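Everything below concerns the one structure shown next.
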Amino acid sequence: MQLGFVSAILGDLKLEEVLALAADEGFACVELMCWPPGRADRRYAGVAHLDVSDFTGDQAEHVRGLVELHGVAISGLGYYPNPLDADPGHRAAVCEHLVKVIRAAPRVGVSVVNTFIGRDHTKTVADNLARVPEVWLPIVREARAAGVRIGIEHCPMLFSDDEWPGGKNVACTPQTWRHLFAAFDAVAPGTVGLNFDPSHLVWQFVDCGRAVREFGPHLVHVHAKDERIDRDRLYQVGVTGQGWHVPKLPGLGDVAWGEFFAALTDTGYKGPVCVEVEDRAYEGSLAERTRALRQSRKFLEQFMG
Amino acid sequence: MQLGFVSAILGDLKLEEVLALAADEGFACVELMCWPPGRADRRYAGVAHLDVSDFTGDQAEHVRGLVELHGVAISGLGYYPNPLDADPGHRAAVCEHLVKVIRAAPRVGVSVVNTFIGRDHTKTVADNLARVPEVWLPIVREARAAGVRIGIEHCPMLFSDDEWPGGKNVACTPQTWRHLFAAFDAVAPGTVGLNFDPSHLVWQFVDCGRAVREFGPHLVHVHAKDERIDRDRLYQVGVTGQGWHVPKLPGLGDVAWGEFFAALTDTGYKGPVCVEVEDRAYEGSLAERTRALRQSRKFLEQFMG
Amino acid sequence: MQLGFVSAILGDLKLEEVLALAADEGFACVELMCWPPGRADRRYAGVAHLDVSDFTGDQAEHVRGLVELHGVAISGLGYYPNPLDADPGHRAAVCEHLVKVIRAAPRVGVSVVNTFIGRDHTKTVADNLARVPEVWLPIVREARAAGVRIGIEHCPMLFSDDEWPGGKNVACTPQTWRHLFAAFDAVAPGTVGLNFDPSHLVWQFVDCGRAVREFGPHLVHVHAKDERIDRDRLYQVGVTGQGWHVPKLPGLGDVAWGEFFAALTDTGYKGPVCVEVEDRAYEGSLAERTRALRQSRKFLEQFMG
Amino acid sequence: MQLGFVSAILGDLKLEEVLALAADEGFACVELMCWPPGRADRRYAGVAHLDVSDFTGDQAEHVRGLVELHGVAISGLGYYPNPLDADPGHRAAVCEHLVKVIRAAPRVGVSVVNTFIGRDHTKTVADNLARVPEVWLPIVREARAAGVRIGIEHCPMLFSDDEWPGGKNVACTPQTWRHLFAAFDAVAPGTVGLNFDPSHLVWQFVDCGRAVREFGPHLVHVHAKDERIDRDRLYQVGVTGQGWHVPKLPGLGDVAWGEFFAALTDTGYKGPVCVEVEDRAYEGSLAERTRALRQSRKFLEQFMG
Amino acid sequence: MQLGFVSAILGDLKLEEVLALAADEGFACVELMCWPPGRADRRYAGVAHLDVSDFTGDQAEHVRGLVELHGVAISGLGYYPNPLDADPGHRAAVCEHLVKVIRAAPRVGVSVVNTFIGRDHTKTVADNLARVPEVWLPIVREARAAGVRIGIEHCPMLFSDDEWPGGKNVACTPQTWRHLFAAFDAVAPGTVGLNFDPSHLVWQFVDCGRAVREFGPHLVHVHAKDERIDRDRLYQVGVTGQGWHVPKLPGLGDVAWGEFFAALTDTGYKGPVCVEVEDRAYEGSLAERTRALRQSRKFLEQFMG
Amino acid sequence: MQLGFVSAILGDLKLEEVLALAADEGFACVELMCWPPGRADRRYAGVAHLDVSDFTGDQAEHVRGLVELHGVAISGLGYYPNPLDADPGHRAAVCEHLVKVIRAAPRVGVSVVNTFIGRDHTKTVADNLARVPEVWLPIVREARAAGVRIGIEHCPMLFSDDEWPGGKNVACTPQTWRHLFAAFDAVAPGTVGLNFDPSHLVWQFVDCGRAVREFGPHLVHVHAKDERIDRDRLYQVGVTGQGWHVPKLPGLGDVAWGEFFAALTDTGYKGPVCVEVEDRAYEGSLAERTRALRQSRKFLEQFMG
């Protein structure tokens, strides 16, 4: 396993600065954000350390050079839109950009692209799953052709009234994963898997170790983020309410990290583990965000060397 | 406290049979269902042991006579529709019937009517709360005039795709209760409270003992039902899914009954505690349902004498 | 479900006395011990409330008459030898008697016979399973012909150096049950199942509720016994030692009874539940053993009506 | 074991009424309070169902007659003063009365007297233990001569500022019990033991089952009372504060009753188990106190037949 | 947050040696002990790395120079006497010295002084709180004038018979903190807060995370020390006894460190966190004490970067 | 305490390479495997970084030179055969070699030799203990003469059908340890102790902290290995089955490391703590095994500096 981080937290740095910081802080890799140019439409979105919208050979060569220079690998390219958005125009736009990300990956020596399945948040799980083949099979075929594995982030994306009731990502439970992988593996075996993040399972009350053991062969990439359950807030609003679980740095929440890494190692996972900083207590200055990365590294090294 | 049961489980018996069975099985009271005539639109709905739609003095006298004859009190009248349904016509109809139930209560010597606040399940909590005063203040004033306390059942009513996403009852968490009681107490102090049922809090992950202690003065009526969390199913679908919690008889689920009754006694509650049978393992023959009541009584007596 | 008890604890009473005591103490049924005449070779063995070694029509009629007279059913016939004993002569003798028990059952209106699979305690699980078809298929065919279901008690029978190392009953874990039921169901579907006893699973650290849910259709009979884990003794000798778990009356050990009965009811079990008294604190006088039965009944009624 | 109750809760009833109520409610025995005439100096003190201050043969015969008439045994005589009070006069007075209670016991066929060791609450444990021989050895010799066993109630008696800091009973932990029994057994083997009450150990955080197993032979009498730890109050004032634990009826607090009775039965205890009602939620009318006794009986019968 | 340590453990080193050791071992700051000259009257007391009794401008300049030279900040000045001692002379002396510490702080660039509120250990909480204004308001005004925040260590100081019964520091629970802060904030808003140490809450059974969240704005300084509850000793002497909890290095006791730092970060605390070594297993040679600091640093870095 | 590792995991490296790797990776010591030449007869056996079969003065000097050169101490010599094997020839051979290891130890400046007591796995504990004096007293006398302490590894050595039923090491529980130490201390006080490994206690369900506190003076050497209980496998085969517990690196299993090191430090243990890598997920390339050591070091440093 290689320790890295998700570049979204360093949106104000340029690619070369991100890689230099990673090297300085002892990280082996970085997942690079590849949002299209333009403003972000939600927290943690919109960062582009790689602008793939019109990606030239020179740019690719430049990136490969930076990677070699800093000795820091790119663990994957990340772009987390809503490919099942209710608006057909929006769907088309994000799928078009996602394909650009997929095509760019091998040109910079990367074989993993991380993203969401998406969801029309006003519709049921079943309704959304019904639309998956139409939207996703073309993308999966693109990925297969490019030799790229897609890592599905399994966050329910349900944090506010804007995302209520269904959230903006349908691929968030074992039952759904089984359904999706059956469909995708039929046309492109092994192409689609999980960008596994234990924090999402904490508040879904889904047994994380069991999930890793069941879906081991489908693990494509790993995010290291913790989630704290706020018992007092949970009392106020109940499990169907909002705000009772908050993202924290690894070690400051309810993920059982020893058990998680026991499962990862037993299942034979050998890929990247990227810290994803979404802990608001560490989001101020660049110094604070750097400290967040450093602290997370120190915490995780005890479980992954 | 007086041990009773909810009459819905005996929909095939007549009122006198219900009261006789209660007496035979050692119950002190019964909550009588008062649905309007016509077919039920969901499980456990539609039973009318008291038809209040055109309630005459003779009928009232007959009921009072039966109560005296069998020595079994009526703990409350129950009618559980959706007063905040999206359809204005439906809203008007159920509110009209609810008022009839409220007016009937004192005529049969009963001071409690149990019901739902309701919810337009497609709208947010805030949107639904905004509509409460218009719909509910007239009803609350009717209750106050009739000397009747309204016990709000706090089940989220979210069990199937028909009720997805919001469920059909907005009054299901401490935060919402505080909001509602502030509004209702302003116009009719003490008139509206809770028909407290610990089973709904189990799967909401709301601390039941704390809730009883906070809302003690607002406890109007109590339902005794248990809820089992199905850990395997929860793994499959996560906490936002369906089917991972199932109603069981008291003692067969995850309610901490000793702690619950400790809170009830400490808070000074002295009203009825009515077994509500919704355990599918006991819903076959009348004999099985009778056994459900008997078993529940034996379980509960160790905590309430 | 019908509450009963295992007659072994009343070895000094005659059949009619056992049935009378059952009626007096409010039990609906009794599992009758059917050991062959002669002395017992271990604790709790050797009792014969029904001597089937030369069972005549008159005897059968007499038994049926007693059952009718006392209004207490016979939940099953019980004979718990070691059909896989290393000694071929012993094997033949116990199998011969077991067949007599099976043949006697329908003659007294009983459809369940409870017993052990047995084990050569000096051999591995695999070695013992290999011998099962030869010994057991003839018995299973007898049972099928007699219209009798066989309930396998799943105690490991490993309590002393005499039974060390393997114990005298191989059928004690889910893995083994699956293996056996596959073999038996192939020749006589549904004929062999479990005489389920949660106490054995407590100290095997096998999840009792999960086992009930997995093997629900194979539940033939249920024993109600508790088992206490003695934490101090476990520290002294470890899990591979002896004496760190002791049988107790229901409610005085580590069985989660609410969870157990939740599983039984959910899985649709409707058969007998027989208290098996092996708690040494209650084994003195007949009065003490009667109190053991009475206390167990009061404990169990809260979960089974 | 025989189920009974402590008569203090029925201070407004006469002895014959107490015994009649015990018989009606299905209790086998009663511990009779024997305070001297005069007003009580703290809650639950001052009741005298037997006035032993000038106990005549006629009185004794009358009591024995009532016991026979109602078929309810006297489990013990109870008098709970502070024999180690700082005031020598008070000490002398209570010791004198305690001796009267001891002498009265055999005259009414009773072999157990329950009381406190007492404590000068302003002095340390060591200082108080140093005074024990002078005060207690004469009493112990009296008890031995009378053939009476003394059951030491082990409540710390530390509930209010009046009892702060040390409480009014030094005999409240295993370490102290060992010290005292060594001293007492040296002069009168087996004469002094414990009137064991699990509720006191709950809030002392002393393992109740372990204590029963260690001190089994010294168990003279048992009180059945529960104690609830109020987690919110404990947060406010910490473990050295007051008010964070409250007495409750059996089953409504934190005592592990199954484990407690498992230990009692394993250790061979066969004496009385008397419900002690100090739950303020049940202390109103006689009807409420009777309900407290009834409810406690139903709860305890599942563990003691 | 800045990682440091309390200098008391290095009583045999001079100030420059303490700062050099801190720099070598990777600590960012040190809390300097400022006891008056003379012998210590209890364990961990008496160390003076800064003698403020007659503090000259030259001395202050020398200290500031050392701080700059070693690049190690002074997190606070520490002096932990008993300002509420029963002896008026002692009270006057310690208050006089405390004021000297307060006045010295800004002269060496320090804005925090840590101390105890104190307690007459023979009197109740209420009696002690009554004396607080007289003793403490002058000190608080001094602190305000000096621009210094006072951090109250909340240890109950109750470990031996010398401190029994009340301990020598009344400020040890949330209830008392609220009372004190209300009084102090009225005359000097924000001047007095807590020198928060989770180890004291472990054995007080006060929820540490809840306390941090409630008193976040009053957190002035943090001590990192662990406390192990000795379950066997607790069984012997109960919660009112002594010796059942022992100080340990962070990670070797019962503090939930992840939860503690989650609360600290959520509440916005950004000040020093100083390891306080009171683990007797590490108190031998300087090498052992240095190892204690190094080990604690490695443990804490995973939670604070 | 000194952090080291067991050299068995580096069987493909020469002694100088092992010491160099230890130095590079920051370890203070190594336990050197000393199996006799020839092939291993089970996993993790057979490695010889020191061939003591014909150990010359030159070889000893060479080893001492390497130790000095690399600055890495030898924590102990390890040889883990079965000295109580059923075959007398095998017994004689392994005892002969064990004595060679013991004699070699002081020649390379080492005072600890680690090994197994062994067991005839087909016989009971009692039968095996009876044979201990004959086999072991001569060895213990050799050790005493050589000034060497023997550290008994307490693994039950029961993982497969080859070792079933008794395992190949009888010294695996507190009860047995007490028995053995009584016998050995009688002839050579303090010569034999434990090579304590918490992983073996996890699956024996023996309280690790309690064992350290009871046997503290007998701790000779410590192995740091973790053990994960596989709950799903445990369900399948029960506690008497195999395969439900698996060795893992420290932090990835069920050992409570903080509690373990708290006990070690409280008991005054100051010797070596050697990582023993038997986690199959880390046993591939040398790079993976090196990472296993590095990760374990990072994990353990937080508890031992």
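The first chain written gets the first letter, and so on, giving A, B, C, D, E and F; residue counts start at 1 in each chain.
Here is the rule we use: a residue touches a chain if its C-beta (ideal position, glycine included) is under 8 Å from a C-beta of that chain, and two chains touch if they have at least 3 such contacts.
Values in this document were obtained by computation on a predicted structure and should not be read as measured data.
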Contacts common to subunit D and subunit E (chain labels): none
Topological distance between subunit C and subunit F, in contact steps: 1
Pair of chains joined by more contacts [C-beta pairs], A-B or A-E: A-B
Centre-of-Cα separation between subunit C and subunit B, whole angstrom: 43
Chain centre separation (subunit C, subunit E; CA means) in Å: 64
Gap in Å, rounded to a whole number, between the CA centres of subunit E and subunit B: 54
Where subunit D touches two or more other chains at once, by residue number: 210, 302
Chains that touch, pairwise: A-B, A-E, A-F, B-C, B-D, C-D, C-F, D-E, E-F
In the complex with subunit A, residue positions of subunit B that touch it: 124-126, 156, 158, 161, 164-167, 172-175, 201, 203-207, 210-211, 231, 234-241
Footprint of subunit C on subunit B - complex, ascending: 228, 232, 246, 248-249, 251-253, 279, 281-282, 291-292, 294-295, 298-299, 302
Residues of subunit F that touch subunit E when the two form their complex: 210, 258-259, 261-262, 265-266, 268, 301-305
